[in-house]
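The data blocks that follow each hold one structure.
Two complexes are shown next, each including chain A; its partner changes from chain B in the first to chain C in the second.
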Partner chain A sequence: MIGEYFAGLARDIEAKLAAEPAASSARKVFALEVARLGVRLYSPGRPVAWCGVLAPFDLLNGVGVTSCFAEFVGAMLAGMGAATPPLEGAEQAGYAADTCAYHRAVVGAAMQGMMPVPDFLVATTTPCTGGLAAIENLARLFRRELLVLQIPRAETEAGVRFLAGQLERLARFAAGRAGTALDAERVAAAVELSNLTRGLMVEIYDLARKVPSPVGNRDLANFGIVVPLLMGTQAGVDVARATRDELAARVGDGKSGVAGERFRLLWVQNRIQFPNPLLKLLEDEYRAVIVVDELNDVTWEPIDPADPYPGMARRAIGLPLNGPAERRVARLRQLATEYRVDGVIHPCHWGCRQGTGIRGLVQRGFRETGIPVLNLEVDCIDARSFSEGQLRTRLEAFLELIAGRPRASA
Partner chain B sequence: MRFLGIDVGSLSCDAALLDDRGELLAATVVPTGARNREAIARATDEVLRAAGVCAQDVTAIVSTGYGRDRVEGRRAAVTEITCHARGIQALLPGTRLLIDIGGQDSKAVRFDAQGGVADFAMNDKCAAGTGRFLEAMARALEVDVSALGGLDREGTDGATLSSMCTVFAESEVVSLIADGVAVGAIVRGLHRAIASRTLGMVKRIAPDLSGLVVAMSGGVAHNAGVVRALSAALGCAVRVPPRPDIVGAFGAALIARERFGG
Partner chain C sequence: MVRGMMDRALVGFACVYTPLPLLDAAGFVPWRILPVGDAPDQAGRLLHDNLCPHVKRLLDRAMAADLPPLAGIVFMNSCDAMRRLPDAWRVARPSDRVILVDLPASAADDAVEYFAAELRALAVNPADWGGTSIRDADLEDALRRYDGLASSAAGLRAQLARGELPGGAAALQAAINDVTAGGWPDGAARLAASSFVAPAASAAGDAARPASGVPVFVFGNVLPEPEAFALFESCGARVVADDVCTGSRVLAPLAPATDADPYVRLARGLLGRAPCARTIDPAHPGGAATRVVDAARSCGARGVVAHVAKFCDPYLARLPAIREALREAGLPLLVLEGDCTRRSLGQQRTRIEAFVEMLESR
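So, the complex of A and B:
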């Protein structure tokens, strides 16, 4: 079902772009490349790895393995409005209903035959142990080999060496599964592409910071979390370049992403993945724009193509979602200042210990800066728990509160 | 010029009518029932009749509450947070923290020194500790919900309730009755449980309560037992305006006057 969905989506977008090249948009290029990735994942005969969120996708692309983080399937199912059957399947099989629905959906999807059997799996010990457990479950279900990347929580030289060694072993292992020996030149070429994409992402986020921002509420939704899947490929560069060009053109034309931008918001962690009217409400009734998502961020340096593993290790260790909460809160505060936001929306995704556990610290961190925070009680995947009226009231009350304060961008 | 505020809540639909100086002419509270529109019409009729005002004389209507978008003829729909805030600042100026416990939700609003909303929190996920919760408990105790405040006085030591889930708390209350625990003690225990849950919500937005002037609104504020329990939990007096259940509608009417009064 999901494979057919991706194939149909790719065909549709290709046909539209062929018929009307002028109607191309960065978001269509993005959707097309995501659909093509989906097609590759669901096509038999290619080496595929299901992974944790912090796996080095550019490296895996570089050794010829199509890879994806498992939570992606949960988000796709939710986006298609099809997450309920796998969620119910997982719950009936004993998966606790108060665990993260990304993982419940993915385990249910695997049990219901909706996920291709991978060649191997790569779990990462961060950002959450729930993710590690989900990948372990998948490995058992699929009876495939599991590699676990132990990601240190602090960026020390010893920690970087420790992870770099694991990454190199992963590269050899994955190349072997792809039927080749590890080819340093191929890896270097992938790293060059990854660095190019990274540079474009930096430009994209610089453009998004402008007042008014050229981004609309959907332009960069899930961007920073999904683009890494395309890193190390030309597709990643193409998506990032199309996005950069589109935003730069808007800035050049003096256009903002949301007409008459009034409020600028920071969105913490994940977006709500199933169709819902809240973004439209933000845009139409309040002219509020999410100028920055926590996950739309570049926190790593370009990686040395000749010696990629330490740079990749630093990238994973240095992600604010890894390590102590203070580091994450500090980065959030920095983003809020750089993007001159008027308020912060923190959807405390049910079942995410990472997200709900840090709620008080995020709130306290922003209280010190005087930036208001709205905590939403929401499940970003499981639409069965969605209470539109409740969320609407909280969101509207928050915007009314912000409206009574001076604009951060004034 | 007349200004109408309508607060469509889950349990009650409240209306408040003001004159052009912002004075309250009349207010009413009717049960919302299953049909919002009927309740809205009834509340509007009642308040207009009580004030002797024709519908055509109403300059502007502002609606609030979860059914705010269902009020026809409204000039604006404003959330209950903003309306309660506006209402309480007019009724009890200087309030720095408002606790509102309504039929299905509870909220806490913290104000800055100028009376503007600085932060707010609403109950999580379920209706534990709200008017619905108390209704269910009153049913289990076989008393009228309006009698709970008075019964609380009878209990000396409150009974301990371990659950705030409406379903579990109801069966806990039933077993306490079966064990012969005095109704007054059970009621006191219930009120304490509500206060401690509310305190959790309040602390999220106001970690330091010292020196804050606290007020309470919503239908549950009629229950003196809850007010006493809250006051004990917060460690300060809790002020209640004369008609705590119309604060939202009153605030909505004030906003109508401010925005559309010319």
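So, the complex of A and C:
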């Protein structure tokens, strides 16, 4: 079902672009490449690896393995309005409803035959313990080989060496699964593409910082978390370039993403993945724009193509979701200042210990800045518990509060 | 309760992967911060309600100053909730010395090497916390002392499995709590002395010590109250063995290792012993289920009780596989969800009784 969905989506977008090239948009290019990735995941051919969120997708692309973080399936199902059957399936099998619904959805999807059987799996210890356990469960259900990337907490010399060694072994293993020996030149070529994409992402986020911002509430939704899946490929560069060009053109034309931008917001961690009216409410009734998502961020340096593993290790270790809360909160505060935001929305995805564990500390961290934070109790995947009325009331009250304060961008 | 305070400073810990011999070698008494007591529920101000009650109870104790003077606290990076605890602790008690030691998720060779480097970094300057600098020989001594302690505990566990331990599982739990909450380093002698177990047994209540009962195996994360074990026994179950992180895992022997470097030996010993659900063996996905079945079988249990803290991802995620493996092995399972309050377990009495009745009728 999901494979057919991706194939249909890719066909539709391709047909539209062929019929009306002028109607092309960055978001369409993005959607097309994501659909094509979905098609590759669901069609036999190249080896496939289901992974944790922080797997090095550029490296896996470089050695010829199609890879994806498993939570992507949860998000896709939610986006299609189809997450309930797998969630119920997982719960009936004993997976507690208190755990992250991304993982419940994907385990349920695997049990219901909605996931392609991978060649192997790569768990990552960051961002969450639940994610590590979910990949282990998938390896058990699929009876496939499991590799674990242990991501150290701090960028010590020993830590970088530890992770770099694991990455190199992963590269050798994955290349073997793709039927080749590890080819340093192919990896270097993938790293070059990955660095190009990174550079374009920096430009995109610089553009998003402008006042008014050229981004609308959907333009960069899930961008920073999904583009890494395309890194190390030309498709990643193409998506990033199309996005950069479109935003640059808007800035050049003096157009903002939300007409008459009034409030600028920072969104912490995950977007709500199922269809819901909140973004429209923000835009239409308050002219409020999410100028920055926490996950739309570049926190790593370009990687040396000739010696990629230490750089990839630093990239994973340095991610604010890894490391101490203090570092993550400091980065959030920095983003809030750089993007001149008026308020912060923290959805606290139910079941995510990463998000809920840090909620109070984020709130506290922003107290000194005077920037208000709205904590929403919401499940970003499981629409069954979505209470539109309640969220709408809280969002409205928050925006009224912001309205009574001076604009950060004034 | 707090022994060793007069001569050696206490260092708090909260996880069985804590390198206790290292703290001992640095001149400290490791002191287990248990999720017990009556500290008011305040942790929700810093940590969400939907987070491990073990971690929240520890923070409650910190916020209520319900702790002895501690030279510092060593936390292990065992799971999402545990890595948030030092973050919140630093906010709640900024003057405490708090450290988070990274903990690999598996016992692979490079993980052992990395963990050893973390332990060496921890050992760099104990004087900053009022301890003494560590020579390799000190760590060797401490490893020997720990071995002694672990083999005393193993002896008591063997007695428990044979049904010969005075006071049963409740007494053993009381003894473990006593040693881990300040009874170090003379704990081995104290654990070995039957005179020590007897008073603990009577403290747990004679009525809670049936001579017989249906043998059960208990596994899970935190269950530090001797009263909890007394409750099982008063419901007709005889706890013959446990795999609980406040129970048998606390003083478990280190996995044998031949490395010459004592830090590597300690790292391998800690990572290589029977793991809790947060540690995985990539070669055996779902290995937690096999381990539970094997442990239950080898102690002759007729049923298994899982006592799992609410919101504990490592355990909640493994329960379905464990349930399935136990079903296949013909071993009934009772899952109790805990929130680290006595009340929550007391409310489960009827379910425990029904479970024991069902086991008796098989």
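Note that the second predicted complex is superposed on the first by the 410 of 410 C-alpha atoms of A that agree within 3 Å, B and C clash if a C-alpha of one lies under 4 Å from a C-alpha of the other, contacts with A are read in each partner's own complex, and residues count from 1 in each chain.
Convention: a contact is a pair of C-beta atoms (placed from the backbone, for glycine too) under 8 Å apart; a residue touches a chain by one contact, two chains touch by 3 or more.
These figures come from a predicted structure and were not determined experimentally.
Student: Once chain A of both complexes is superposed, is A:Gly404 in touch with chain B (first), chain C (second), both, or neither?
Tutor: The first partner, chain B, only.
Student: Who does A:Gly360 touch here: chain B (first), chain C (second), both, or neither?
Tutor: In the superposition, A:Gly360 contacts both chain B and chain C.
Student: By the touch definition at the top of the document, which applies to A:Val53: first (chain B), second (chain C), both, or neither?
Tutor: A:Val53 contacts neither chain B nor chain C.
Student: Please work out whether A:Thr393 is in contact with chain B alone, chain C alone, both, or neither, and reply first, second, both or neither.
Tutor: first
Student: Which partner chains sit in contact with A:Ile290 here, chain B, chain C, both or neither? Use first/second/both/neither.
Tutor: Neither chain B nor chain C is touched by A:Ile290.
Student: When the two structures are overlaid on chain A, which partner does A:Pro372 contact: first (chain B), second (chain C), both, or neither?
Tutor: A:Pro372: touches chain B, not chain C.
Student: Have a look and say if chain B or chain C is in touch with more residues of chain A.
Tutor: C
Student: Quick check for you: in the superposed arrangement, does A:Pro152 touch first (chain B), second (chain C), both or neither?
Tutor: In the superposition, A:Pro152 contacts chain C only.
Student: For A:Met312, using the defined touch cut-off, is the partner it touches chain B, chain C, both, or neither? Pick first, second, both or neither.
Tutor: neither
Student: Both chain B and chain C touch chain A; at which residues?
Tutor: 360
Student: Can you tell me which positions in chain A touch chain C when the two form their complex?
Tutor: Listed in rising order, the residues of chain A that touch chain C are 93-96, 98-100, 103, 123, 125, 128-130, 132-134, 136-137, 139-140, 146-148, 150, 152-154, 156, 158-159, 161-162, 165-166, 324-326, 348, 350-351, 353-354, 356-361, 364.
Student: For the complex, which residues does chain B have touching chain A?
Tutor: Residue positions touching the partner: 66, 78-82, 105, 116-122, 124-125, 204.
Student: Which of the residues in chain C come into contact with chain A in the complex?
Tutor: Residues in contact with chain A: 44-48, 50-52, 77, 79-81, 83-84, 86-88, 90-91, 100, 102, 104-106, 110-111, 113-114, 117-118, 121, 277-278, 280, 282-283, 285-286, 310-311, 313-314, 316-321, 323.
Student: Would you tell me which residues of chain A are touching chain B in their complex?
Tutor: 360, 363, 367, 372, 375, 377, 389-390, 393-394, 396-398, 400-401, 404-405
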